[in-house]
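Submitted below is the structure of interest, expressed as structure tokens.
Labels for the chains are A, B and C, by order of writing; each one numbers its residues from 1.
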Amino acid sequence: MDLVFIAQDCINGVLMGLIYGLVALGLTLIFGVLKVINFAHGSFLMVGMYVAYWAVTLSGLHPYLALVIIVPAMFLFGYWIQNLLIRPIFIAEKNVREPITVIIVTTGLWYVLDNLALLVFGPDYRALAPNPLKGQMLEFGEIFISVPKLYGAIATLATAGGLYLFLQRTRLGRAVRATSLDREAASLMGIGQWKIFNIAFGIGTAVAGISGAVLTPFYNVYPTVGIPFDIKSFVIVVLGGLGSIWGALVGGVIVGLIESVGPNFMASTWTEGIVYALFLLVLFVKPSGLFGQKQDW
Amino acid sequence: MNLLEVQDVTMRFGGLIAVNDLSLNIGKGQILGLIGPNGAGKSTAFNCVAGLYNPTAGKIIFDGEDVTGQKPWDLCKKGLARTFQIVKPFASMTVLDNVTVGAFAITDRRDLARKKAMEVLELLDMADKRNALPGALTIADRKRLEIARALATDPKLLLLDEVMAGLRPTEVDDVIEIIRKLRDRGMTIFVIEHIMRAIMALSDEIVVIHFGKKICRGKPEQVAQDENVIKAYLGENYGTA
Amino acid sequence: MTQQNFKRNCLIAATLAAFALPLVVRSATYLHILIILYLYAYMTTTWNLVGGFAGVLPLGHAVFVGIGAYTSTVLWLQYGVTPWIGMLAGGVLAGAVGFLIGKPTLKMRGAYFALSTMAFVEGIRVMVENIDMLGPFNLNGPRGLNIPPLAHGEVNFWAFQFATKEPYYYIILTMLVGVLFLTWAISRSKMGFYLKGGGEEPDAAQALGVNVARYKVMAMVLSSFLTAMAGTFLAQLTLFIYPKSVLTLDLSFELAFIALIGGRGSIAGPIIGALLLRPVTEFSRIYFSSTLPGLHLIILGVVLIVVMLFQPRGLTEPLTNFFNSIARRFDASAREERK
């Protein structure tokens, strides 16, 4: 087999994998603080993609410039959802170790959001209309690199780095980390637990918004677009270890590589099977994932 | 003959040594008290015995059998029952149903389990509250429910983890009464307790640990006079408790 | 009439009425609606065995419906094995898959289990959509499988094909009553107590001798087995199955939502959920699917969120209280009479 093809597939796999990692990042961050999986995360991505789509279509901005609209809008959306729908359940079930009701509500939210999008925007697949990045390629000899994917990968690393610095260096970030370790700790730092939960949920949702902006230049928008990413994110966070930022990126790259390199060795439809098989293998062998802590999980 | 022997048990969490080379034993029909200042490793030692933790080193012999590292549910079937410091009732089940869960450890039949549960509730003077939900009980009754569930499994050894914490003095007297009643029926009991008055009154022997290490063992009056113990612990608390 | 008797009589009356219904309802369309209603009640009840009693959240039960449907259909089409045996074979296969999913995940936090069940249904659907032959078995990819009707509208019990709706009605009603009885028996047994206790306070249950993970896996296997039987019934009722009809997240979620809205862990919950929600979602699907697509799922989602916020144990609880107050009135009047 030609090595150039393999190299090409590896590059594609890493780029796409990092973008998967970006989607999973929001999920893992929310989990890290609230200790609950947001099943509506794929729908948040879908909302992010529609926000990006409309922001670009209506304003004619470059999709990456549109982030100045998307990020705050999505942050507020997540902040508000947590405050309105999820906080009351945490309060009602504060003695429960893992309030399963929260999972249920986020699942309900998933259905409401996806079908609301179907109702409002119809089932059409929409491609970004003024799309400055459309089909652009960088050429290195025989190797081609998709520009929107490259930008996406860079945006992923920037977002992950930014989040890391935020969590390590800022006062608010430290309060978020403290809450993830011990819910009472946040109040000791003078910031209420619920506010931290709201903020964490808002940030996770904003990251879904960034993913939306990153994806729209090369991925169509439609009401159920979140589902394949949702399921992939679940696999990725379990692979990388729930709650770990770097685990999400590594997990994403693993999935991306399997999807792009795999078809050289098997029918391409089987790669998805490999991903699920890997997921099951991790569950059996090391359920805490590659970077997760063993305790409690 | 000893019902429980803890032999050189050490429990490490990362760099922290919570229990350090602890040995103790309880003879059949005895009440042994385990005391020590906060963070001394009492609960960790308890959890090692109850199978919640697998000790880093050492052995636990129960009823002549090495049970180190066995799971809580298997230990329960062998006759080792425990209560939790923070009570964990099944919130949506009635008091009787809560106790019935425990009684199913000794029988598969519902009618027999129900009968056993009622016996235990009567023994603990709780029969009239059998249809209440745990949420409607007082703290004292919830602690008593915790004991009732454990008793329903027909244990040879009962581990009581601070069952008197947070109770009023008269309620403490009631629990002391219950524990004595159980001992008179031949049950062996291992107690962690903070309330000195209670543990002094109940225990045949007391083990004191500090920073995970045993610093003293003896009859209550001996322990109360032991210099190490007074320094580590009783000096501050004995008078006040 | 005492309270107990009143309740039992109500139950017997309802069951008899259900069995007598086809004597009154002659329309095939209405019978079909009732059949689907019972089918959903059946599937949510089997969902509830693990989702309600074991206190976890399975979000992929369609995979068992699919396994049941495909197993019996493949056995019938390729080997001429009667779907009645295919039903059992599908159940066994589904039970094995349920074990495979449950064994590693049910000892961890609930999120892992929910994730795995969902990933499983998606994984299996992708697989079935992309392959025609699984070893010697012809699954026919995304086109699905057609069960050819018997020649001349022949009725054949062994072929599980009937000319009228009544036999289907009685089969699914019997299955529903059977599974309700089983659930009731389990809820009173050691297994029921252990599942409930283990779901609520795992540490306490373990200390009382409950191997919580093992009981959850047992519930999962049983639930998978029984759910697959519904899959065979569905295949024989519609005589056509394809991946997107049986192996979907939509179906998985709908079952979970109905059970949760009705009341997790109560025997009547799934029935009440199905009775309340199926008509609403079905009518909105029929009347608005072209103009307002997805409306029925929005309704389901909104109802679910509202119920979880204000009545987290489902709608059965307030309804039961209402019913009990009526029963108590009977009790009181009975006491009056005795005086």
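Convention: a contact is a pair of C-beta atoms (placed from the backbone, for glycine too) under 8 Å apart; a residue touches a chain by one contact, two chains touch by 3 or more.
Note that the coordinates shown come from a computational prediction; the quantities given were computed from them, not determined experimentally.
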Graph class of chain-chain contacts, one of line, ring, star, complete, other: line
Per-chain CA centroid nearest to the all-protein CA mean: C
Chain whose mean Cα position lies farthest from chain A: B
Whole-Å gap separating chain B and chain C, where each centre is the average of the chain's CA atoms: 43
Chain centre separation (chain A, chain B; CA means) in Å: 47
Centre-of-Cα separation between chain C and chain A, whole angstrom: 33
Interfacial residue positions of chain A with respect to chain C in the complex: 31, 36-37, 39, 85, 88-89, 92-93, 98, 100-101, 103-105, 107-112, 114-116, 118-119, 122-123, 223, 227, 231, 234-235, 238, 242, 267, 269-270, 272-273, 276, 279-280, 283-284, 287, 296-297
Complex interface listing, chain C residues touching chain B: 188-190, 193-194, 196-197, 200-201, 203-212, 265, 313
For the chain C and chain A complex, residues of the former touching the latter: 55-57, 59, 100, 104-105, 108-112, 114-116, 118-120, 122-123, 126-127, 130-131, 249, 253, 256-257, 260, 292-295, 297-298, 300-302, 304-305, 308-309, 312
Residue numbers on chain B that touch chain C, as the complex places them: 50, 52, 71-73, 76-77, 81-82, 84, 88-93, 97-98, 100-102, 104-105, 108, 110, 113, 149-150, 152-153
